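Take a look at the structure below.
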Amino acid sequence: MLMTPKEYVDSLRQLRPNVYLFGELVQNRLDNRMIRPSINAMALTYKVAHEPESEDLATTRSLLTAEKVNKFNALYESPEQMVRMVKLQRELGQRAGVCFQRCVGMDGINAVFSTTYEIDQKHGTEYHQRYKEWLKRVQENDICVAGAMTDVKGNRGLAPSQQADPDLFVHIVERSKDGIVIRGAKANITGIANSHEMLIMPTLRMRENDRDYAVSCAVPTDAEGVTLIYSRQSCDTRKFEDGDIDVGNYNFGGQEALTILDNVFVPWDRVFMCGEIDFCTMLVERFAAYHRQSYGGCKAGIADVLIGAVASIADYNGVRQAAHIRDKIAEMIHLAETLHGCGLASAYEGWKTQSGVFQCDTLLANVCKLNVTRFPYELTRLAEDITGGMLVTTPSEKDFRHPVLGALIDKYLKGIAEVPTEVRYRMVSLIHCMCFGLTAPSYRAESMHGAGSPQAQKIMIEREVDMKLRQGLARSIAGIDQREDPLEMSSKGNWRRPTNWDSATWPRGK
Amino acid sequence: MLMTPKEYVDSLRQLRPNVYLFGELVQNRLDNRMIRPSINAMALTYKVAHEPESEDLATTRSLLTAEKVNKFNALYESPEQMVRMVKLQRELGQRAGVCFQRCVGMDGINAVFSTTYEIDQKHGTEYHQRYKEWLKRVQENDICVAGAMTDVKGNRGLAPSQQADPDLFVHIVERSKDGIVIRGAKANITGIANSHEMLIMPTLRMRENDRDYAVSCAVPTDAEGVTLIYSRQSCDTRKFEDGDIDVGNYNFGGQEALTILDNVFVPWDRVFMCGEIDFCTMLVERFAAYHRQSYGGCKAGIADVLIGAVASIADYNGVRQAAHIRDKIAEMIHLAETLHGCGLASAYEGWKTQSGVFQCDTLLANVCKLNVTRFPYELTRLAEDITGGMLVTTPSEKDFRHPVLGALIDKYLKGIAEVPTEVRYRMVSLIHCMCFGLTAPSYRAESMHGAGSPQAQKIMIEREVDMKLRQGLARSIAGIDQREDPLEMSSKGNWRRPTNWDSATWPRGK
Amino acid sequence: MLMTPKEYVDSLRQLRPNVYLFGELVQNRLDNRMIRPSINAMALTYKVAHEPESEDLATTRSLLTAEKVNKFNALYESPEQMVRMVKLQRELGQRAGVCFQRCVGMDGINAVFSTTYEIDQKHGTEYHQRYKEWLKRVQENDICVAGAMTDVKGNRGLAPSQQADPDLFVHIVERSKDGIVIRGAKANITGIANSHEMLIMPTLRMRENDRDYAVSCAVPTDAEGVTLIYSRQSCDTRKFEDGDIDVGNYNFGGQEALTILDNVFVPWDRVFMCGEIDFCTMLVERFAAYHRQSYGGCKAGIADVLIGAVASIADYNGVRQAAHIRDKIAEMIHLAETLHGCGLASAYEGWKTQSGVFQCDTLLANVCKLNVTRFPYELTRLAEDITGGMLVTTPSEKDFRHPVLGALIDKYLKGIAEVPTEVRYRMVSLIHCMCFGLTAPSYRAESMHGAGSPQAQKIMIEREVDMKLRQGLARSIAGIDQREDPLEMSSKGNWRRPTNWDSATWPRGK
Amino acid sequence: MLMTPKEYVDSLRQLRPNVYLFGELVQNRLDNRMIRPSINAMALTYKVAHEPESEDLATTRSLLTAEKVNKFNALYESPEQMVRMVKLQRELGQRAGVCFQRCVGMDGINAVFSTTYEIDQKHGTEYHQRYKEWLKRVQENDICVAGAMTDVKGNRGLAPSQQADPDLFVHIVERSKDGIVIRGAKANITGIANSHEMLIMPTLRMRENDRDYAVSCAVPTDAEGVTLIYSRQSCDTRKFEDGDIDVGNYNFGGQEALTILDNVFVPWDRVFMCGEIDFCTMLVERFAAYHRQSYGGCKAGIADVLIGAVASIADYNGVRQAAHIRDKIAEMIHLAETLHGCGLASAYEGWKTQSGVFQCDTLLANVCKLNVTRFPYELTRLAEDITGGMLVTTPSEKDFRHPVLGALIDKYLKGIAEVPTEVRYRMVSLIHCMCFGLTAPSYRAESMHGAGSPQAQKIMIEREVDMKLRQGLARSIAGIDQREDPLEMSSKGNWRRPTNWDSATWPRGK
């Protein structure tokens, strides 16, 4: 059953999560002007599953049930499906202009699938079967799952079990025959208040003393003991103001919340890892790889909006054909496409895990994400350059609607004569929203830290590469080891084919 | 007479400018929570003139009256005085963490001084004498002058007189025996609502048809016909919220306003240019050079605050000694000091105009500013990297003050055990303020567009350089022209000393 | 018939091209120490076709004859084949450490194929059939074809027919019933002296007066009237010195030559374009797209050698584990993989031309190449950083082989005790070769200008993007046009799917 | 006595250093075509002292003898003198287009002066007096002194005394009543074969076990036991070829040599440090600061040559007015002036050491140098972009001089019709020389590693900055510590003036 966006929104009314905003319990998330745009963005992921033109990208047959399911709840059965997702993510980024929040759950769904399979293989546990049952229900009911990985972490220099307060990483405080009780908090959880469930995952490599911290499980967002404290966003209260211009992006928004788990009970059929410290790294790295690839879709799509906006403002200012403006816009396109190109490459080069589900290329996914920690900053810098000083000096919509002031603003903030001032004002407000305002955190800070900070990518990039091969190449060419004789068929010097090239999983479909 | 900060603030009560904010006339700027921080920042420029430790940097003897005057109202009598100003600007940037708004006026005061001198020399006019009288009153009363150059401009591809609406650049609509009447609007005028007067200057090179647009004059900010529409800032309404944390920088702020001049009468003794299109370029370029140098002071000072903030948050997160964190902080310092180094160099290499007032080195001032259009973006990018995802996901101060939620936040958003959560929360809020919030426009977009957009600097850099010399060097070394014989004293090949090196004004003090 | 590398080398002996080097006609290219390494590099493209492990990447069935052919002479029948080529190019870059010269011909072979098809469709000509016959012979004899596009160009601001000397672009000087006579010169032709034939193509968009310049044809490299003047390379004469260390890369090298066509007769069955100015742009852009993608293979492979070399020298210097060294090496990997990722993406996203042959994604190919004009410079900069000052201060191999000096050098240029000095010396020499010496032009200047200079890519990137789509996205989100209603299935605001996504050719093979 | 350049060259004939080149003892350095250009470059430093226009920059009165001396042998008595030197360095860089080699000695002369003063103050030694006597003779005889600091270092992860071979850092092997005997080798010593003496300095911080390695002394370059092994340079043997074009910069060149000290006896009156490990850091850091500042002169001057060359080639190609070419040239100027601006600022902000001699600002000197490790790479990258592919594909001068080939080349390598092909060819050769050839190491690798590698600057930048001040600023503004009350004269919040601003030495001369 694929919910329509309306059904999705209605389904949220059934949930009663403890969401706090500005110190108060939110009684009705759907009518809250600050929260609603984030629900709208999430709703797009339901909408595309019903559109004839998008259906192909947005739905697939379930590997588990053979029913048609939303791709955000599906398992990757081939590299092509990852490619389609990256393209869908770009489309959704283009339509929302901001994070649409559903990728974290999807990436978690896939990572936990393949990891539980391998845990069971090694430890003889039954996590994978349990997980499949849970996932079937998720798919059948088309519910929305938030991925919940990042712990609040306290002192970043200490392991979970070394912290002054043991609760700074989510952990098991009780085990019983019915299930487990967990405590702690997950930070910055994207879209959690718009989701039906959360999929909890550990956040880093664990050691022997951290065994209670090696926990993965599924928890309804309105389970007892769960408290969500809504994150502030830049310019958030503009949404409560009259008018629709100053917000910039009025219909769509992102969402994060501090997610506190205060002695939450989880029955065993929802527990997917429970002390297996030897699999934390696998789970984290697989999730991270998927999510780092995802950014090659959405962040390129958001860039497209920004590119369209600055090209428009250049039109309105009468400078679109100036050589330096054209050069900067071409540079913006170049950066957006480099992001997307690496995301696509990572998807196309995917490989099959033991569980049968495909994983994207780890190295390229990390490369994609490391570019994501840089290029949106240059994109917004160029956008700020092209837009001009008005970017940060617009009057308020109240001024613009004022009978006397409005006429003055209309007269004086006009660009080229052919374009109404309000059009220019709206476009500047959108760019402001993306550079400083409501969606700026989603485009800059989330690009930096989402799916792990740049240093995490650097480490993975270093680790993933076959340095012995590269050193052998250099030694051979330098004549330290045997040089290759180009005429001698049996000689390759010290060169050897990188392992991923003759991998059984490449090329797919063969 | 040097006003104390209190006297300055009181003096503002005497003025009754038409300041509009959110569609309403502001009755009391001083008690308006959104405006007051910008007055505080401006007040610092009065405060430093009274501090024993700063007095040396912040005051000087007037060239006109020999009285002690505030450096922001003074004329540059030597390169050293420019150097001291760059250092004072850095100090004020450090203390306010944001634009303190008084440099535009100062830079205008100096540029109009030397330009009117040369206009009179050529045209036999009396602008310079009038100007000196006006400036004496400014100095004696220690008033605050806003520089008002940037017109609203309409179609950026058309000259003032070619615009569909003739008012898109400020121009003279009437000349009488008593004075002139001007109409138009100046965009993004910094600190205007905190200033007693504005010094109007033309914004670009003019041609024959633009003669009415070549106007410079002084106008009280509360003169009849002047309307100021306050610019929105990112997160501006946080200042109206309870509490002081979420604002980030609670005491200090910047200010811009759209400044509309609707048939404003200006008596002749306040008119300093009236149709001399042949001097618009000189005035614009001299002002721009001063102001581009100024950014080598203040923006380095603001960087110092940001550097201190991220070093602190790294402490609180327990990662200060991580190699990649240290590397990024060192990079931030490097960028800040490069900004400052170029500002200092521009000041030290100043030259004497015909009027006796010193001008900074034009090339180096433009080089300084072009770096300013880039480095603050990298500084904030690195700050966002080091701070972590919490940067854009803090809860609200209301949550933090809530009896139950507050305790949860206190527990879970703690960094290292030794530092209270509130300290970490406050520091993150400050960084948010500088990267996204109230002072971010001052640090990013103003760095980009203030004193002219980067393309303007590129053009000046290209124009200022002696390319013939450089081509001669290359031709000589390449053997196209005569090569230099290193042993032959009379031979230099094609090399000739650049003109600025044997300038009569260098080195100063000889 | 697939030639072995030995057969290829022997086949070169049959050719007698007029190759000039240092003012003298080269009698025996194969034994010339400066030329031979470039032949060796080219020979690798023959060798891989016979290796069991590479055969899969390096050979395919001919679309024309169904015989097994070398991929460098084959037509692209699917995106997968382009992907395999990009990977083969990386492997060859890894093994040669320098340009192996055969891609230009391959990219020309494909571009002329699809373009002649479309010329014939429009003009009713017979170029395509002729071309297929020629190509069959190329494939059957496994000969090596040099692509010859870039004209010498004279004044870059003037069209071919406007030049002071009409010969500055290759053009038809005579047409007869047997064929045409062409005159002019092609600049910087890669691998031409190691090739059996050259495939001549026009270099840019042509206008009416340039009709004689719109010529494409195949010419044997030793045809009457052809003169090749060998290009100098940095440190080229080190190849004539005794010893093998100072060269750096002793076995392999690149090659360019100025190719002069002095009234060369071409029979009609070798003429593939003759005056069709309306197809010059298509031919140039298709060739350029292929070749810009190619660089995402080879330049990443060469980067791998450089990365292996600097990691080794860091080992030898005892600093491999220093945090800043690791960070720089990870950055180098990141850059190399970004190059490769964009090349792969361009290949995977290929589309089918009317002729049935596949073309890579134009936008992504240009994006790939624009990164190639930047990253090798940063790669070599980081390599120079890591290697240390010895990079440019090694003594000569003669010193090293000197009985007394050699002992001193051996003692004093030692790094860590475990590694012989000669090993360190050889590795430094290789890095020198790649940063300054024999292969540096191939890695820096060729990356910059090969397949077109960066400005050409900027222009293509601007042109390829659907800016109307992007402006529509921004207008919709800003509320200028209709906003998308996320709940209303029939509403998409102004968003429309980019044309390439529902292209009939995507996804390939389905 | 100021030697003329001819006298300097003659004086070199008196010296008989053991210089080895290509395994052979050089009998006559002056007539060796590979060595002579480096002597020419050094001779320029003598020439400027006699030119009326340069004398002011190039000479001064000796602090020791009150005689007129060459600035390269003088002590800095004021910041102005450092400023003049930075300007002279730029002039010399402009004229030679390459390193003129005399700065290392000058920077060493000043650093040893102030350090020996402080050693004596602490330890009651007599180094300073001895040193002054030696320096007087240097000045009086106008001899050329090479600075010799960098040891060969072996395993960079180990201290001098921990190396497998104790000789990998220069050390004292014997002490007697007459003097000391030293052994070891200094790497990459600039201009050593063109200098009369070398000034030996330790290369890094020492610990207790390294006491024998803490040695500074002066040694004639032809002292017994000294062996110089000449470093290879890119394209070095082009100097031995006929013709003058392919070398690029025919008259001037750089020079480095491996300097081996095999039991060299040094009498006590030439020993300036002998075991004082507590002063190694001071000596190294002072020398490094001077030398890092120096690069803000010479490397900007060399950039000027490159800028002139590419502007010329753009002229010759007919594209000088293309917007992207102008933009790139303006960027090159911007980079060059940023280098120079930081060098000037470092000099102007100099401070007085206890000895009376001035030291440049350490922080700004390091900032200057860190930019030097980056910008020349971008400058050459842009130069390679603008020049076009011909940069690396010129034929040889032999081809150009060949009667038949020469005519072809003349015809086909012509740019715009007005400029002879040879002019274009020469200019391209010069740019090749600076990007790849003979002077490229001086512009890239020397900019990277000379005066210490970039990591060394990063460390100094981190160390030099007053982080407590910056953290106090941030804490005050964030409201963690007391905020500044802008109206309260006695309140500054947590701000305190940085120590260097009220330094007794600033502003100098007042």
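Going by the order they are written in, the chains are A, B, C and D; count residues from 1 in each one.
Everything that follows uses one rule, which is that a contact is a pair of C-beta atoms (placed from the backbone, for glycine too) under 8 Å apart; a residue touches a chain by one contact, two chains touch by 3 or more.
Bear in mind that the values here come from a model prediction, so they are computed numbers and not experimental data.
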item: Fitted rotation between subunit B and its twin subunit C in degrees, CA, nearest 5; value: 180
item: Chain whose Cα centroid lies at the greatest distance from that of subunit B; value: C
item: Mean-CA-position distance for subunit C and subunit B (Å); value: 49
item: Gap in Å, rounded to a whole number, between the CA centres of subunit D and subunit C; value: 39
item: Whole-Å separation of chain centres (CA-atom averages), subunit B against subunit D; value: 37
item: Per-residue multi-chain contacts in subunit C, two or more chains; value: 324, 327, 458
item: Of subunit B, residues touching subunit A in the complex; value: 20-24, 150, 152, 154-158, 163-165, 167-168, 185, 187-188, 227, 229-235, 237-238, 241, 246, 256-258, 260, 262, 317-319, 322, 324, 373-374, 377-378, 381, 384-385, 388-396, 398-399, 401-402, 405, 408-409, 411-417, 432, 435-437, 440-441, 444-446, 448-450, 453-455, 458
item: Of all residues in subunit A, those that touch subunit D in their complex; value: 323-324, 327
item: Contacting residues of subunit A [partner subunit C, same complex]; value: 4-6, 9, 40-41, 43-44, 47, 50-51, 53-54, 80, 83, 87, 91, 94-95, 97, 244-245, 248-252, 304-309, 311-312, 326-327, 329-331, 333-334, 337-338, 340-342, 344-346, 348-349, 363-364, 367-368, 370-371, 423, 426-427, 429-430, 457-459, 461-462, 465, 467, 469-475, 477-480, 483-487, 489, 492-493, 495, 497, 501-502, 507, 509
